[in-house]
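Going by the order they are written in, the chains are A, B, C, D and E; count residues from 1 in each one.
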Amino acid sequence: MTGATHAAPAAASGAAPSGPLAARAEILAFLVMAGLLAALPLTGLIYPYFLMQALCFAIFACAFNLLIGYVGLLSFGHAMFLGTGGYIAAHTAKVWGFPPELAILAGLAAAGAIGAVVGLLAIRRQGIYFAMTTLALSQMVYFVYLQAPFTHGEDGIQSVPQGRLFGLFDLSQQQTFYYVVLAVFLIAFLLIRRIVNSPFGDILKAIRENEPRAISLGYRTERYKLMAFVLSATLAGLAGSVKALVAQNASLTDVHWTMSGEVVLMCLVGGLGTIFGPVIGAVVIIAMQQYLAGFGQWVLVIQGVIFIACVLAFRRGIVGEIIAFAQWRSAEKR
Amino acid sequence: MQALYGQLVVGLINGSFYALLSLGLAVIFGMLNIINFAHGAFYMMGAFAAYFLLNWAGLGYWWALVLAPLMVGAVGVLVERTMLQWLTGLDHLYGLLLTFGLALVIQGVFQNEFGSSGLPYAIPAELRGAQNLGFMFLPNYRAWVIVFSLVVCLATWFVIERTKLGAYLRAATERPELVRAFGIDVPRMITLTYGFGVALAALAGVLAAPINQVRPLMGADFIIVVFAVVVIGGMGSIMGSIVTGFALGLIEGLTKYFYPEASSTVVFVIMAIVLLVKPNGLFGRTA
Amino acid sequence: MAAADAVPILVAEGLTKTFAGFTAVNNVNLSVRRGTIHALIGPNGAGKTTCFNLLTKFLTPSGGRILYKGEDITGLKPADVARLGLIRSFQISAVFPHLTALENVRVALQRQRGNSFDFWRSKSVLGVYDARAAELLEDVGLAEFIHSRAVELSYGRKRALEIATTLALDPEMMLLDEPMAGMGHEDIERITALIRRVAANRTVLMVEHNLSVVAELSDTITVLTRGQVLAEGDYATVSTNPAVQQAYMGDADG
Amino acid sequence: MAEAANGALLTVAGLEAWYGESHILHGVDFHVRPGEVVTLLGRNGAGKTTTLKSVMGMIGKRSGSIVFDGAETIRLTSDRIARAGIALCPEERGIFASLDVKENLTLPPVVRPGGLSLDQIFELFPNLKERLGSQGTKLSGGEQQMLAIGRILRTGARLLMLDEPTEGLAPVIIQQIGRTIARLKQSGFTILLVEQNFRWASKVADRFYVMEHGRVVDGFASADLEANKQKLQDYLGV
Amino acid sequence: QDNKTVRIGNLSDQSGLYADLGGPGSTLAAQMAIEDSGLLAKGWKIDVIAGDHQNKPDVGTNIARQWYDVDKVDVIVDTPNSGVALAVNQVTREKNKAFLNSGAATSDLSGKACSPNTVHWTYDTWMLAHGTGEAVVKSGGDSWFFLTADYAFGHALERDTTEVVKANKGTVTGAVRHPLNTADFSSFLLQAQSSKAKIIGLANAGGDTTNSIKQASEFGITAGGQKLAALLLFLPDVHALGLQVAQGLTFTETFYWDLNDQTRAFSKRFSERMKNKMMPSMVHAGVYSAVLHYLKAMETFGGNPGDGAKVVAKMKEMPTDDALFGKGTIRADGRKLHPAYLFEVKKPAESKGPWDYYKLVATIPADKAFRPTAEGGCPLVK
C-alpha cells in the first residue's frame, strides 16, 4: 500500500477550498466563464473553429481531472477514450447515417464500454503502475485502430457529415454548432462538479486518502474506482465524439499516446484537482498550439518546457496558484 | 518452418532491445522511483551520439560503443542534478511527468534539427556480411547485438543482485535518508545510478543505429512497448526485466509467423492477461 | 462483566497460515464470547497480527474455518466481512488525512446508504448524518476538533478519531491491533477508558503489549507463541502460568 | 539545566529545527558525556524524535550548535555525521523490504572498530538468526525492532541513539534490551534514548531530560528521581 | 477586377520522410514560378506560405481549413501523402478554393474523389503501375509479393499494380502491410522472402523504400534470387541510397533534371537556391509547372476572382506549356497529361558526375501514360 500513503499529485490538500464563500466564488466564476464563452464568437476576434476545439479539449481535460483530482489515479491513456468516441461517432454518422445526437451517444457509450474493460484491468494497480498500465493499454487500442478496417488506418475517417441536431439545428452553420458545443461543455462541466460534490464523490475522496481503511469500513472500493473510471472514460468519449463532428474527421492523432500526455499537461498547467483548472489549461494549451503553429516542431519543445516548469515550480497550476494566493491573502487579513 | 526460425531470430533481436531498455528503466526506477519516460529519448541520443562521433570526429562504431553511453550518461547526470533531484519526496508521478516533458523537449529539438526521417549509419566493417544458417541469412551484425546485449544484461544483474553496492542501491531505493544516515553518500549514488541507467539506454541506441537508422523519434513509440514489458515483468527484479524482455521479443516473433496482424498488439494482450492473473507482474514483489 | 456462559460470536477452528514454508499461525482455535473484551497477547512474531488479518480476511487462511455468528465467513472478501459488522483497526493509525474529523466519521455513517453510486445527487443529502457524527466525536473527546483535518491532530487524537469512525458503523464486534502503541501515558488512560465505555454492548478482540491495559480491560486472554495457543483464561490465571511468564512476561511487569 | 558540558561527547546548544514551514524545535540544549546513558522524556509531539534526527543531520532546516567529539556537525550532511561515529535506530524502524534479514543487518558500513560481531548480535536476538533468509519486512513488528537495533550495533559508532526501542515489544524482550543497553554501556558505548516507557527507562538511564514544545525544560539524574516525581507527573501525566 | 493579391500555401511534409522530395523544395519551386510568371512586375502581390502536415490527415485538414478561413490562402500546392491529399481535396472543394497536387500518388484524386477544384499534376499510381509494373512483368517477373505502406497511397499503388500484373498474366501471391515511416523491415522482408515470389513489389515511398531496399540486401534477399521492384522512386531516394545499392533498379518518373537543356537550366537555378544544393525532384518540378499555369489562368481574369472552381476551369481550358513538362493538357477530371519515362539507375562506373544517376529506357507518350478517363469513375465526367 505504498501508493496510498503518498497522496496523489492531486495536491488537493491545499487546493480545494470549502465553505459558503468559496462556493459563491465558484458560482460567480462559472457564470463569468459561461457568459464570456457565449459572447466571444460575436466579437469576431476569435476563430470559432478554434474555440470549438478548445471546448472539446476542455471537456476532455475535465474528464481526466475527475480521475486524478478526486480518485488520485493518473491515467496516462485517456487518449483511447477520446479517440474511441471520435471514431465511433464519425463512423456511425458517416457510414450508418446516424444523426449527430445519436452519433455522439454511440461514441460516448463505446468509450464508456472500453473504459469498463480497461478499468477492470488497470485499477488493480496504483500509482505509477496504474499510469503505465493505462498507457500500455491505450497503445494497444491504438494498434487496434491502426489496423481495424473501419478506421482507415493512417488516413482516418474523413468528411464526416455534421447533419442536423435533433433534426432542428444545422450543424454545418458554424455559429449554430458553436452554441451546441458550448451547451454540451457547460452540461458536462456541471455534471462533473456534481459528481465531485455527491455522496459518491465523498467516498472517492476517502478511498484516495486511505484505501485499506475504506475497505475496513466495508466499502467495496474497486467498484467505486471502476465507476469513477467509467464516468471519466465516458466523458472523454463525449469530448471525442463532439470533436469528430467539429473537425469532420477522426484520426490516429486522437488515440496516440502524445494526446494522453497533452491532457495531463492541460490539467497540470491549469491546476490538477481544481474544478476550473482543466478548462483554463485546455484553452491555454490549445491556444498555444494554434498561435505557435508557425514554429513547427518547436511547439513540442515549448510544451515540454512548460511540462518541466510546471513540475518543478508550479505544481499547483494556474488556478491552484490563484486559490493559494487568495487563501494566503485571507490568512494575512485575519 | 524457415520463416518461423527467421522470425524467432528477428524477435530475439527486438528482445535484446527490450531487455536493455527495460533493464535501464528498472535500475532507474529502483533507485529514484521514477519511471523514466525520457528513456526513449536517451536511447535516440545514443544513436545520434554515434552518428556525431562518426561524422564530426571521425570516430567509428567501436569508439561509439564506449563514448556514446558516457556522453549521454553525462547528460543524464546533469538532468538528475538540475531537475530530478528536486523531486525527491514528492509523489512518484511527478517524476513520470517531468521526464515526459523532457522527452518532448529532447525529441523536439532533434526533430527540428534533423527532420523525422532517418540518417544512415553504416554497419561496422568487421560485422558486415551474414551467416547462412540454412533456414535464414543471419546478418552478423544482428547476431552481435543479441550476444552483446545479453552480456551487458547479465553483468548488470550480477552487480546489482550479488554485490554490496547492489544492496546499498536497493536499500536507498526505499529509504534514502536512512541509508544516508548510515554513512553512505546517497545523492551521489542516485545521480550515478541515473547516469548509468541512461547510459544503458544510450548503449542500446548505439546498437540500434545500424539497424534502425538514426531517427529523432526512434525511441518514442518503442518505449511504450518497453513500458508494457515492464508491467508484465513487474519491476520486481533485475532478472525479471531481462527475462521478460527477451521472452517477449520471442513471442512477438512467433506471432509474426502465425498471425502477423496481431504482432503489434500481442505484447499488450499478454500484459492484460498478466494483470488479470498476477496484478503485480510475473516477477513483481507483492505490496 | 460478561456472563461466563455467553454464546461465542466469533469462532476460529484450526486456523493456519503458512508463508512460503514458514507457519506463522498454526492450528489456532479461538472462541470469542459475545459481549466480552478478549485480548490476544504473545511474544513478538507469535502470529497475532497475522491472526487478525486472517479473521478480517485481509489474508487468506491456508487452513481452518472462521465462523461469525454461526455463519462461515472463510470465503468472504474483506469489505464483505466489514459489512457483517466485524470492523478492524490497524496497527498504524488509519484515518483519512485530508478530510476533517467530521468528514472522517461521516464516511463511515454513509455506509448506511448502501452501495451509494448516486453521483448525480448533491452531497447535501449527507447533512442528516452531521448530528450523529458530532455526537460520536464528542463521545471520544474530539468535540472541539470537529472541523480540523485529520493530519493536524496529534497521534492520540488520531487514534480517538479512528475509534469514533469505527463506532459510527455501530459494529457488533471490533478488532483493535495494538491500540496503545506509541502513546503517551495520558492518552493511554483516556483510550483505555474509551474502550471500556464503548465495549459496553459489543465485543472487542484486541492485541496489546501493554500489560497494565490488558489486565485492566480484558475478560479473557489468549496467549500465542510460535503460532500456537499457549494458554487461555483471565488475567490472574494467565499471568501466573509459568510457561507464559517464561515466554512472554519475563520476571517483571514491564 | 544547561550545566557544564566540559568533556561531553555530544553537546547540543540552541538547536532549532523546521519541517518545511513549521518550526518544531525552539532552542534545545543538552549534553551527553562519554559512557553515559541519557534518556529524553516528553509527551507525544514534544520534539524528541526531531531532536534525534537533527543530531543525525536528517532534518532539512536546522540551526544552533551540535558538537560531537569536539567537532561542530551542524553543517554536515548525515552521511558525514554517521562516519564521525553516530548511529540512529529510527522510530519507524526502517527495515528494508527489498533486502533479506542478513542484508539488512550487514547494510550499515562499519565506521570504526569496536562494534559487536554477528554472533554477539544473534546471542542478543535469537529470533533474527532463525529468520536470516526472510525478507526484512516479513518479520513481525517486534522482530523488526530487534533487527533495527541489531543493525547499528555492528557499525562501531560511539554514540547510539535509540528512538523508542521498546515500542511494540513483548515484556521479555524489553527486559532483554535493558540488559543489552547495560552491556553496551559497559563496553564503552554512549547511548541517547527516547522513551515513553518511563519506568523502564528509569532502570537503564543515568540521567533524564524532559522535553516540552520543542525545548528541554528540565533535567535530572536517575538518583534524584524520587525527588522529582511530582514534577514528572505534571510533565508527562504519569 | 482590382484584387491582385494571391496567396499560395505549400502544404507539405516539411520534416518527415517525404520532406526531401517535397517540403522546402516545393516552396522554392512555387516561389520560382511566381517570379517566372512575370506577374509581380505587373503589380500583382503573390506570396507563398508553408505548412507542415506531418503526414497526418487531421493536421493537414486543420491547416488547410485555417488557411482558407483565416489566412486568405487561395490555392494549396504540393501535399505529398495521399491520405492528407484526399482530405485537403475535400476541404478545398467545400471552401471553393484551388488545390494543385504534385506530391501525392493516389489515382483516386482524378478518379472517385475528383473535384472541380483540384488538378492532379505530376504522376499517379496508375501511371507507376503501368510504367514500371508492365515493364517488369514483360521481362519475366510474373509472380509478385507486395510490401505495402499501410495507407491510402500504398493501397492504391498495390491495387493498380495488381491489376497490371494480372492483366499481363502474372500472379500476385500476397502482400504485407507496414506502417508509414518504418525503420526495421526485417520481419516484413522475411515474410516476403518466404512467399517465394520472383518480384517483391515495393508499394511504398521515400525513406520507407530506401530502407527496404537496403535491408533486403542485408538479409540476402536479392542474393537469393528475388528481385525488388521499386514502384515509386524519386531522385532524392536514389541519391540517399547511392548507386552501389540502387544500380539496376527500374522505375517510372515524369521529370528528370537531365532530360534536355531546359530542364537542366531550371535545375541548375533551383539547386543553387536550395540549402543542401539538391537537384529538383519530379514533385518540385510539378509544383513549379502547376503554379505557373495557375497564375497564367489567374492573369486572364485580370485579378483574383476569389473562386477556386472558376480558376481551375480556366486552367483546364488553356493548354499547358512550360520548360519542364513541355506541352500538355488538363483533362476534365483534373488529370494533367504529359509523357512519362521509364528509367534505370546507372552502375557506379557509368555515372559521369554528381547527380548523374538515370538512364532513359523508354518514353511513354502522354496519351498512354495515364488512365483513360472512362476507367477512373470520376463523377464530374459522367
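Keep this in mind: a residue touches a chain if its C-beta (ideal position, glycine included) is under 8 Å from a C-beta of that chain, and two chains touch if they have at least 3 such contacts.
Since the model is a prediction, treat every value here as computed from it, not as a measurement.
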item: For chain B and chain C, chains touching each; value: A, D
item: Minimal step count in the chain contact network, chain A to chain D; value: 2
item: Pair joined by more contacting C-beta pairs (A-C or A-B); value: A-B
item: Far-end chain from chain D, centres as C-alpha averages; value: E
item: Approximate Å spacing (C-alpha centroids) for the pair chain C, chain D; value: 31
item: Mean-CA-position distance for chain D and chain B (Å); value: 43
item: For chain B paired with chain E, centre-to-centre distance based on mean C-alpha positions, whole Å; value: 39
item: Length of the line joining the C-alpha centres of chain C and chain E, rounded to whole Å; value: 77
item: Per-residue overlap in chain B, given as positions that touch at least 2 other chains; value: 111-112
item: In chain E, residues with contacts to at least two other chains; value: 15
item: Multi-partner residues of chain C (at least 2 other chains); value: none
item: Chain pairs that touch, as defined at the top of this document; value: A-B, A-C, A-E, B-D, B-E, C-D
item: Interfacial residue positions of chain B with respect to chain E in the complex; value: 2-3, 6-7, 10, 13, 111-112, 115-118, 120, 123, 130, 132, 136-137, 139, 142, 211-213, 215, 218, 253, 256, 260, 263
item: Partner chain E, residues of chain A touching it in the complex; value: 47, 49, 146, 152-156, 158-159, 247-249, 251-254, 293, 296-297
item: Residues of chain D defined as touching chain C within the complex; value: 43-45, 127, 131, 134, 138-143, 145-146, 164, 167-176, 196-200, 236-238
item: In the complex with chain D, residue positions of chain B that touch it; value: 167-168, 170-171, 173-175, 177-186, 285
item: Complex contacts: residues of chain C adjacent to chain D; value: 19, 22, 41-47, 49, 91, 154-156, 178, 181-187, 189, 209, 211, 247-254
